[in-house]
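One structure coming up, written as C-alpha cells, with questions to follow.
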Amino acid sequence: MTHRIGILTGGGDAPGLNAVIRAVVLTAARCYGAEVVGIREGFDGLLSNAPPMVLNEASVRDLLPRGGTILGAVNRGSPFARRVERPDGTVEQVDVSQEALQRMDDLKLDALIVAGGDGTMAIASKLVQMGAKIVGVPKTIDNDISLTDVTFGFDTAIQTATEALDKLQTTAESHHRAMVLEVMGRNAGWIALKAGVAGGADAILLPEIPFDIDVVCQKIEDLRAAGRRYSLIVVAEGAHPVGGEQQYYIDGEGSASARLGGISFLVGNALQERADVDVRVTVLGHLQRGGQPTPHDRWLATRFGAAAVHLVHEHKWGQMVALRGETLMYVPMEEATRLKFVDPEGDFVRTARDLGIVFG
Amino acid sequence: MTHRIGILTGGGDAPGLNAVIRAVVLTAARCYGAEVVGIREGFDGLLSNAPPMVLNEASVRDLLPRGGTILGAVNRGSPFARRVERPDGTVEQVDVSQEALQRMDDLKLDALIVAGGDGTMAIASKLVQMGAKIVGVPKTIDNDISLTDVTFGFDTAIQTATEALDKLQTTAESHHRAMVLEVMGRNAGWIALKAGVAGGADAILLPEIPFDIDVVCQKIEDLRAAGRRYSLIVVAEGAHPVGGEQQYYIDGEGSASARLGGISFLVGNALQERADVDVRVTVLGHLQRGGQPTPHDRWLATRFGAAAVHLVHEHKWGQMVALRGETLMYVPMEEATRLKFVDPEGDFVRTARDLGIVFG
Amino acid sequence: MTHRIGILTGGGDAPGLNAVIRAVVLTAARCYGAEVVGIREGFDGLLSNAPPMVLNEASVRDLLPRGGTILGAVNRGSPFARRVERPDGTVEQVDVSQEALQRMDDLKLDALIVAGGDGTMAIASKLVQMGAKIVGVPKTIDNDISLTDVTFGFDTAIQTATEALDKLQTTAESHHRAMVLEVMGRNAGWIALKAGVAGGADAILLPEIPFDIDVVCQKIEDLRAAGRRYSLIVVAEGAHPVGGEQQYYIDGEGSASARLGGISFLVGNALQERADVDVRVTVLGHLQRGGQPTPHDRWLATRFGAAAVHLVHEHKWGQMVALRGETLMYVPMEEATRLKFVDPEGDFVRTARDLGIVFG
Amino acid sequence: MTHRIGILTGGGDAPGLNAVIRAVVLTAARCYGAEVVGIREGFDGLLSNAPPMVLNEASVRDLLPRGGTILGAVNRGSPFARRVERPDGTVEQVDVSQEALQRMDDLKLDALIVAGGDGTMAIASKLVQMGAKIVGVPKTIDNDISLTDVTFGFDTAIQTATEALDKLQTTAESHHRAMVLEVMGRNAGWIALKAGVAGGADAILLPEIPFDIDVVCQKIEDLRAAGRRYSLIVVAEGAHPVGGEQQYYIDGEGSASARLGGISFLVGNALQERADVDVRVTVLGHLQRGGQPTPHDRWLATRFGAAAVHLVHEHKWGQMVALRGETLMYVPMEEATRLKFVDPEGDFVRTARDLGIVFG
C-alpha cells in the first residue's frame, strides 16, 4: 500500500507543472489516502538534506492556473554524473546515484513521480533499473517527446508565439516590413510549425528541413508582386541552411547575451541584403516558457498528474503516462527518450505547403 | 478536373469558420488552380438568386484570426423542409431540394464544401444521395460530433469559459460566494467538463449525468468544513436533475429573454436555499461563440479546410474530414450525425472525480 | 510616530484591491518601519474578536496581479446600523460604532486605511468625527466617486466589457443579430459609455439619459438601410426609459436568479418585437468584478496604496487619496460620497454622438 | 465650409491609429457632411501622384480594434529635407515643401489632419507657417510628447510589456534567475517605469536616471538575503550607466540584427558576472508596437479623431488636440515637439522607490 509519494520536476520549467503537482496531491489524498511531499530542484533535491516540501490540499489550492513550478528547477546535473568540486579546485563528475536511492529510502518514499523531458526520463529509467520506484510524467514545451501525441506547455507556447505573430503582423503591414520571429525548438520544429500556420506565416524554417535563403527571398518577392508588401518568417532556434551542418545556436557560458538569438539574425541580415526589404528580428525567448497555462494545458497536466498516481498504485515502475488521441496510455520511460521530429514529407508540412507557406 | 468549388457554412457560427474558408481558397488555387465561390447564409443561399461571393487570395487575407463567418449563417430551414408562407397566411414546409441541386448546376459548381454540424451533415448527406457533389467539414463548438476527436471552435469556447471561471474565482473568494456558471451544451456536456476541470470547478453538472442538488450542497458544506468558503459550479445548459426527464432549457420563440438561462437559475436558487450560501449566477451565452479562434482552432480549421479540397479532388462525395489523434481521416457524413456524449464512467469523468469534483 | 497600521476593504471587491494592500505593506515597512495588519471582512472585522491578518513582504509577494481582496468583503452592515438578531427572533439595527473604535484601540492601531466606495467613505467619515484615525482609498469599478478622475478596477471592468463586445460582434455579424449587452452601473453609466465607445456599440443606454426604445429601433433600421445587418447595444443595469421613473433593476432577496438582468431583457424583447430583428441578450454580471487587474489598475492601485501610507504619516485623518489628471491629491472623505455622473451634454457623450452612437 | 479633409499618419505606427482614422471619417460625415481621403505613407504620399484612399463608413467599419495604420507609415523623410538620388549616384537632401503644398491643392483638400509624433508635428508646423491648413493628433507609444498627459498606443505598449513581465516572473522564480527585459524608450523611460511598477519589477533603468550597476547587484543580493531568489529588471533601450554619456542603443544601417538590444545585454552580462546569478535577457522590440489597441487606447484615439475634425471646422490651423486630466484641449503643434521626460524626483519615481524598486 502506498502511503507517501514524492514528486519532483526536472529540466526547464513548463506551464502546467504546477497543475500536475496539484492533481497528484488531490488524487493521492482522495483515491488512496496517500500523502505527497515535494522534492525541490529536480534530482538535486535528492542529493541534499534540505527537508522536502509538505504538500496538501491547502498548499496546492491556487496552483492550477499558475505558471512555472513551485518545486524549482535548478538542476546541477544527473546523479550519474554530478559535478563535484574537489578541495584542490578541480572539478569531477561523480556517480552519486546510490545516494539518491538512499535518500528516497530515508525520506520513506513509497514511490517517486518525476515530471520531466527526455533527459529526466533517461535518468529516472536508470534509477528504476537500480530498484527505484519511479513513474514518469512527460514534460517539454517543444513537444518533441516520442510516444505521446502532445505534452502540456506546448499549447501555451504556441499561443504565446501566435500572439506574437498577430502583433508583428499589424506593424509589418504598416511599415511594409519582413518580420523574423525566432521561437524555441533546437532539435524539433513543432512550435515553429504550428504557430507559423496559426499565425499566418509566409515562411517557416525548421531544424528538420534545411533551408535555402533564396527560396525565402523568392517568396517575399512573389508576395510583393501579388500586392502584399509585408511578410512574416518564423524561425526555430535550431534551423540551419542547406549544407550548413553546424548548429548556429550558441549556448554560451558566462554570457547572458550569447544565449539570445543566432540563426534568426543570420536569416534577417540575409533577407535584408538579398530581398531589398526592411527587416526586423524578434527573439521570443523565455516568454514562451512563462505565464499561465492555457485551459488545454491545465486539462492535460491534470490528467497526467492524476494518471501518474494510479500508475504508482499499480506499481508500474519505469512507466510514463502518455496521450494517444484522446486516450491515456502507459509507455516505458526509456523509450520516451527518443525525440519526435517533424516529418518533412508528412501531413502537417504538406498542409502548410498547400497554403503557400515555404520551408526554405 | 475541378475548376470551381462552392463553400457554405451551416448552423450556428463557430470560431474557425473563416479560417476554413481561407484554407479552402488558398489550397484550391495553389494545388489545383481552382476558383472558389462563397454561398451566403447556408443552404438558403442555394435557394435564392443572390450572386455568390467571389473568393480569392486577397479577399481571404485577413480571415485567419477572425471569428464568425463572412458567409453568414442565417438558415431558414432545410431544403427538404423549407418554411414557405402561402398567400393566405398559412405556413407550409416544402421540399425544395431539387431547386438546390439545380442552383448548384446553374452556378457551375464542380463541387460543394459544407461546413456544419450534425443537422447540416444530415441535409448534405441526403443531397449527395440525390447526386450532389458535396464533401463535409465538421463544425460544432460543443464538440459533440461523432467520428472526429475534436472540432474547431471547441478550444475557443473552452478558453472563454475557463477565463470566466478564473474571473469568478477571485470575486467568489472575496465575497465567500457560490458562483454558478452556465455554459453551452444542450445534449452533450463537453464544454462544461473540460472548462470545469481547467477552471478549478467544484461541481460540474452535465446532460449525461442527472444531478442530485443535495450532492452539490454537501460538496459546498465539505469545502466550508475544510476552510474554503467559496465554490464554483459549472452547469451545462442541458443539465437536469435526477428524475427530471424534462429539459429545463427553454428556447422561447419571440422572446429575447426566454433564451437566457433556465437550469442555472434553478440550480442557483436551490443552492441559495439549501446550502445557506450567497449565490450568483452567470450565463455565458453567446460570448462562447464569438471572438478570435485560439491558435489550436486556427490550426485545426486550416487543416480541415485544406483536406476538404483534396477530398473534392478525389471525388469523395459524401465524405467528411475528421481528426483521430493527430491523423486526418475521411468518414461518411451520415455517420457524423450521431452525437458524441460524455461517458459517465469514462476516463475524463473519472479524472475529475479523482480531484474531488462532484457531478451531482 | 506610526508603528502599526490597519487596513480593511469595504463593499464589493474590485480588481486592484490586493495591489493596494501590497503597496501599503511595502511602503509602510520601507518608508516608516511600520507594520501592517489586515482587518477581515470590512468593518465587520472591527466588530469580531477574530485575530487580524499579519501582513509582511512575504505575504504580499504575489498580490500585485491577483484580483479580489485577500481581506474578504462580506459586510453585514455599517457599525452605525448593524443588524442584530434578538433572542425572540426579531431583527434590530444597532449603533455599535463605539465598539469599532474600541477594537481599533485594542488592536493598538495607530491608524486605519480603508479602501472602499461611497458607502464605506461615509461610514469612515463618521468614525473620524468620533475620533478615529482613518484615511481613505477610493474604490469602485463604476468610477462614480466624486473628486477623483478615476478609480482602480474601472479600467479592468472596461476591458472585460469591451472584450465581450468584440466577441459578440463576430457572432452578431454572422447571424445578422442585434446583441444586447448589460453591464454594471446602477446609478452612473461610465462602464457602458466607455466600453460602448471602445467596443463599437451602436446604442448605449445609461441611467443618466432616459431612453426612447424607438430611437434604438430607428438606429437598427438605419444601419440595415446602410447595409449593416447587425447591431450592438450596451445597456447599463440602471438604465430606464423616458417617463419610467422606477428602476427596472431588481436586487431580489433570497433569489439567485432575481439578481440577473432586468432592464436588458425589457430592451431585448422590445427590440425583437418592434425592430423585426433577431435579438440575443447577455448579462455580463460578476465577470466584470473579477480577474487580474489591468496594468493601468495595478499602477493606480499601487500609487493609491503608497500615498495612503504617506497620508497616515502626515496624520491627515478623514482625507482620501484621489487622482486629478496625473496628479495625486488629498480630498475630504465626506465629499467623496457624492456620486459622479455622466454629463448628458458633456464632451464624452458628444464624442459618442459624433460617431453616430445613439443614447435612445 | 469644409468639404474634403485629408488624413495622414507619420512616423512609426502605434495601436490606435486606425481608430483615429475611423473617428475622423465618421465625425466628418455625420457632423459636417465632409468626405475624407487618406494620404498613404505619411508625407511621402503628398509627394507622389498615387491616388489617395477614399474613406467612408464602409471602409472604416472594422478599424476600431485593428492595430497599425491602413495608410501605411514608410516615410522617406521630411518634405523639407527629402533624399533625392541624382543621376550620378550622389544623394542630396532637397526642400520639396512647395510641392507638398501644391499637392494638397491639387487634391482639393480643405484641410489636412496629421497624426504623428514630435518629428511629424515639427514638419506640420512649418507647413502651417507656409499657409497649409493642418491640425494635429499626437501619436507616440513612448508617451513623451509634451502638452498632453497621455497618447494612444502607450497603454497598449504598457500592457504588452507588463504581460511579458508576468510571463518572465513564473520562469524566473522556477529557475532562480534574474530576468532582464528591454522595452522601448530611447529618450524617455515612461514605458519602463509604468510597466515596471505594474509588473512587479525590482529594478528599472531609465534614460533619465543614469544607473550604477552595483546598485542593481546590491538589490539582487538583498532580495536573496530576504529569501527571494529571482529578480526582474526592466531596461529602457535608452538607459545608460553613470558617466556613460554615449548612447548604447545602436540603430545600425543595413543590419537587421544591429537593431536588436544593446544596453540590455550589457546590463545582463554585468549582472551575470558581478551578482553571481543566472541571467536571461529578453528584448521586447516590435511586439510593443503591434496588436489590437486596448479599450483605453481605442477610446482615446476615438476622442482625438473626433476632436480633430471639430478643430478643422473651427479653422484652428497649427493646433493639436491634447488631453489634460479628462479634458480635451487644443495646443500649438510646435510646442508639442518638446519631449516630456520622467522627473527623477517626481511623484511617479518616488512611489516606485517607496515600494523598494531601485533605479540603479
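Letters A, B, C and D mark the chains as written, and numbering starts fresh at 1 in each.
FYI, a residue touches a chain if its C-beta (ideal position, glycine included) is under 8 Å from a C-beta of that chain, and two chains touch if they have at least 3 such contacts.
Bear in mind the structure is a predicted one, so any value in this text is a computation, not a measurement.
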Walk from subunit B over to subunit D along touching chains and report the minimum step count. 2
Hey, which chain ends up farthest from subunit D, C-alpha centres compared? B
Counting C-beta pairs in contact for A-D and for C-D, the higher total belongs to A-D
Rounded Å distance between subunit A and subunit C, as computed from the means of their C-alpha atoms: 41
Report the inter-centroid distance (CA atoms only) between subunit A and subunit D in whole Å. 35
Rounded to a whole Å, what is the gap between the Cα centroids of subunit C and subunit D? 32
By the touch definition above, subunit A meets two or more other chains at residues 166
Among line, ring, star, complete and other, the chain contact graph is ring
What are all the touching pairs of chains? A-B, A-D, B-C, C-D
As the complex stands, subunit D meets subunit C at residues 23, 26-27, 30-31, 57-58, 61, 64-65, 149, 155, 158-159, 161-162, 166, 194-195, 197-200, 226-228, 294-296, 298-299, 302-303, 306-307, 309, 324-328, 347, 351, 354-356
Which residues, counting only subunit C, touch subunit B once they are in their complex? 12-13, 15, 17, 66-69, 72-74, 160, 163-164, 166-171, 173-176, 179-180, 254-257, 259-261, 265, 268-269, 271-273, 279-283, 285-287, 289-291
